[in-house]
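Across the two complexes that follow, chain A remains constant while its partner is chain B and subsequently chain C.
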Partner chain A sequence: MTDPITVSSPSEVLELDLDKCNGYGNCVFAAPEMFELDLASNVPILLKAEWSDGEREALAAAVADCPAGALRLRKRDALG
Partner chain B sequence: MQAVPQCPFDHHAITDAEAAWGTYDQLRDQGVTHSREHGGFYVLSRYEHVLAALRDPDTFASGQGTRIPAIGDGMIIPLDFDPPGHTAYRALITEHVTPESVRGMVPGLREMIDGLIDGFHAKGGGDWVAEVGLPLPLNVLVQVVGFAPETVAQFRDLTAQSWKQISEQDLFAARAGLFELVRRELQRHRETRPDDYITSLIGKEIDGRPITDDELQRLLLAFAVAGHETTMNASGSMLRYLVEDPARQGRLREKPELIPAFVEEVLRYSSPVQCIGRCTTRDVEIGGVRIPAGSRVLLVYAGANRDTARFDHADAFDVDRGAAGHLAFGFGRHQCAGALLARTELRLVLEKLVTMPEVEYAGAPDFGGLEGGAMSGPSYLPLRFTSNRSPDGAGAWR
Partner chain C sequence: MNAAAGSDRTVVIVGASVAGVRCATSLRNAGFEGTVVLLDSDAGAPYDKPQLSKRIDSAARLDLIVEESTLRELRIDFRPAVAATGLDLATGVVETAGGPVPFDELVIATGCRPRPLAHPLPAQAGYLRTRDDWRQLKEAVTRGGRLVVVGAGFLGLEAAAAAVSLGMEVTVVDVAPRVLMRGIPTTVAERVAARHVDAGVELRLGAQGPVLDGDDQTVRVDGARGDYALVSVGALPNVEWLAGSGLTIEDGVVCDANLAAAPGVWAVGDCARWVNARYGRLERHEHWTTAGRHAQHVARSIATASTSPMAEVPYVWSDQLGWRLQAIGRVGTEELHFASGNGVHLAISATDQLVTGVTTINAQALCVAARRLLQQGDPTVEEVVEALAPATRDFARIS
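Take a look at the complex of A and B:
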């Protein structure tokens, strides 16, 4: 088991769980500004460590579109 | 709200897969339509509409079956189920085909695929579908799932027979022969417990209780049917588009890094699964048409994948277009669980072929019709190699 890869905006945290990822690439399709598919490993690469309000809609679509449930967007807690 | 246009569309009546593209164009032009065939169903064929339905699987549900007409008790797992059941079922498959596990399968897959293509070459070619297209996914079902070779050898004929019967009888009855085969496989795995995926399934739990025999059979049936025909059709179409323009082969030889893009364009352009059904759980409006709760809806992936509103010059095969976002595997909750495995198999075929002499038609191909009102791919694809270069460039094969 590996810990999810996380990146954050001021209010939210995006988690990418590579144990769950099945390499569909839907996130790359929904949010090309945020994700790229590594063709050697077929897992997504996070292109940015943060996102703007304008990019949030695409990011939410990427989370919703993931058939594997490997992406999660959650409120940032006190520990960040 | 507009009245829904009626169309006489019947996916089970498509006997010429080539002519179907013109039919899909007409459907798309009309937007959301309704057919009175098979008890009545709505037809979505624009990219925007099909994607919207796939993104709303609670409204466009699968639990009443994904075939039109309805399939009675012939549901397979996880295709014909909704959450919460679907979630646990699907995990049984996805945990076996993660990117990491598929990477681990590559050496064995490459050896098997190279062997099939070397054998095809040694014979001087033949019918790709019979010699490589069908054996390839059947071998995968032996290697990756754990079916016996003599079991998978019967999948093709039994599946083809079941499709012929599907529009007239309950799918459970149409698939009786397949159910019997997977029942025997489960029995064999219980008795001899070979170290494979099927044996690992037997001890699984679903929501804290042991998985039942009925569930295991419906799950294995998904592998038996979805696990061979789709890949067979995709590789046949891939070879077709490869030989129809020799420049494509030259380009892949020079730039093998284009292979993944080539595979994606084959999937978009050919749509091996051309359509699938859903049933609405509430009244829903789409494309200005109100679809009442409880309606059957046909999602035409093939129409969506050639929608010019989404893909420029959609009717042209273009490796450079960037086919990402095509719906050949569906999209979202029910997106093909074997997509990565299928893509990997298709890439390995091309990686081998670019080291071989070029291939060309050796006769007239037959592109067939839509099997079971959905499955499309060449039924006969006679090919031969154009030169006598050997794979390592030394000596002659024939």
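Take a look at the complex of A and C:
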């Protein structure tokens, strides 16, 4: 088990679970500003460390478009 | 969002598979504040379909598309075990066994069901589309013996791969001369078939039309004998409930490029036959990714009270025996097949020197690059070869 890679907005955290990711690539098309797939490893690269309100809908689409359930968007808690 | 976010409007979504659920949640993500009702004929929480043919070991559980608590948080009125039986466009009502459900906007997401064989199935046989179908298959896998799969498409081969990996004997029967006749080029399909044979799967291709018989214990198909038969010979759209509604029904709900079937009536997912703006022709996809993207598109149209054409290049994936098979676009009349030394394959399909599709085995990033190219239009073979060159330096053309 690897810890998920996380990036945050002020109110939410995006988690990428590489154990679940199968490289289907849907995130790259749902939120191209946020994701790319690395050619050598077939693993997603997060292109940004944060996102704006205007990018949130595309990000939610990327989470929902992931067939492997490797992406999760959760509310930021006290520890987040 | 302004008043168009529709706080006084009601959207009724019929069908809670990936398209219906995605539409409901996307409405909220797009700022829609009105009432969202989500009807489904199945009882129980919405589950994701692709796993039905992959997770069939005795301990397997189905992942939900969404938790019911999330639906509640999003104020989505989810009503399982409510089958839609009719549509009255004039009054804006969906008829159900539980009474009429009025709507301002309707989203039809009733999906597909398995294409049935011409005869009833014997006791030890089933289709695979619902949670109950999946449980029956899983029980058969737990009992062991030989699984006969009728139909060598994606669903059938995935189930065959999963069953053989779990120690079952497996026979795959199809009338077609090769596996994966729909959507996968011959050279790639041959490799997938060889992979199955190496894993111990018996392939009986070019079979007679499948006729199943059997008793309480066994099933027979075209000379093959098994302990259970899975029938996976395609799918039909669930649109009979719309007969007489005034909507155009022809192999699905016929829609314009915006996915509108009538004013305020939309169709999404496997049951939608829309003018795909990418190709300018009526198409119906049976793909998980298309279903989600349709849903997202229509949710945005409703939430913003605007429309836009939906363009989609078909994308399918399949996981079999440790291989990740991915296909973008469609097969053409020619194929260029490249492979690297470490089991990575790339097939470029073309018609008249224009690329119609790209298929890969174990090359996810390459598939993303190809998908990007194909979304723009029909590139030439040279353009695709050149664009993919940085990732294919160690590839050799093999056919």
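Throughout what follows, the second predicted complex is superposed on the first by the 80 of 80 C-alpha atoms of A that agree within 3 Å, B and C clash if a C-alpha of one lies under 4 Å from a C-alpha of the other, contacts with A are read in each partner's own complex, and residues count from 1 in each chain.
Here is the rule we use: a contact is a pair of C-beta atoms (placed from the backbone, for glycine too) under 8 Å apart; a residue touches a chain by one contact, two chains touch by 3 or more.
This is a predicted model, so every value here is computed, not measured.
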item	value
Chain C versus chain B on the shared chain A, clash or fit after superposition	clash
Which of chain B and chain C A:E57 touches, first, second, both or neither	second
Partner chain(s) touched by A:N42 [first = chain B, second = chain C, both, neither]	both
Touching partner for A:L71 - first (chain B), second (chain C), both, neither	neither
Which of chain B and chain C A:L16 touches, first, second, both or neither	neither
Partner chain(s) touched by A:N26 [first = chain B, second = chain C, both, neither]	both
Touched partner set for A:M34, first chain B, second chain C, both or neither	neither
Footprint overlap on chain A, comparing chain B with chain C	22-26, 28-29, 39, 42, 64-65, 67
Chain C residues within the chain A interface of the complex	22, 25-26, 29-30, 48, 50, 63, 288-289, 292-293, 296, 315, 317, 319, 324, 326, 363-369, 371-372, 375, 390-391
Interfacial residue positions of chain A with respect to chain B in the complex	19, 21-26, 28-29, 39, 41-43, 64-65, 67-68
Chain B residues within the chain A interface of the complex	55, 94, 97-99, 102-103, 260, 324-325, 329, 331-335, 337, 339-340
Complex contacts: residues of chain A adjacent to chain C	22-26, 28-29, 37-40, 42, 56-57, 60-61, 64-65, 67, 69
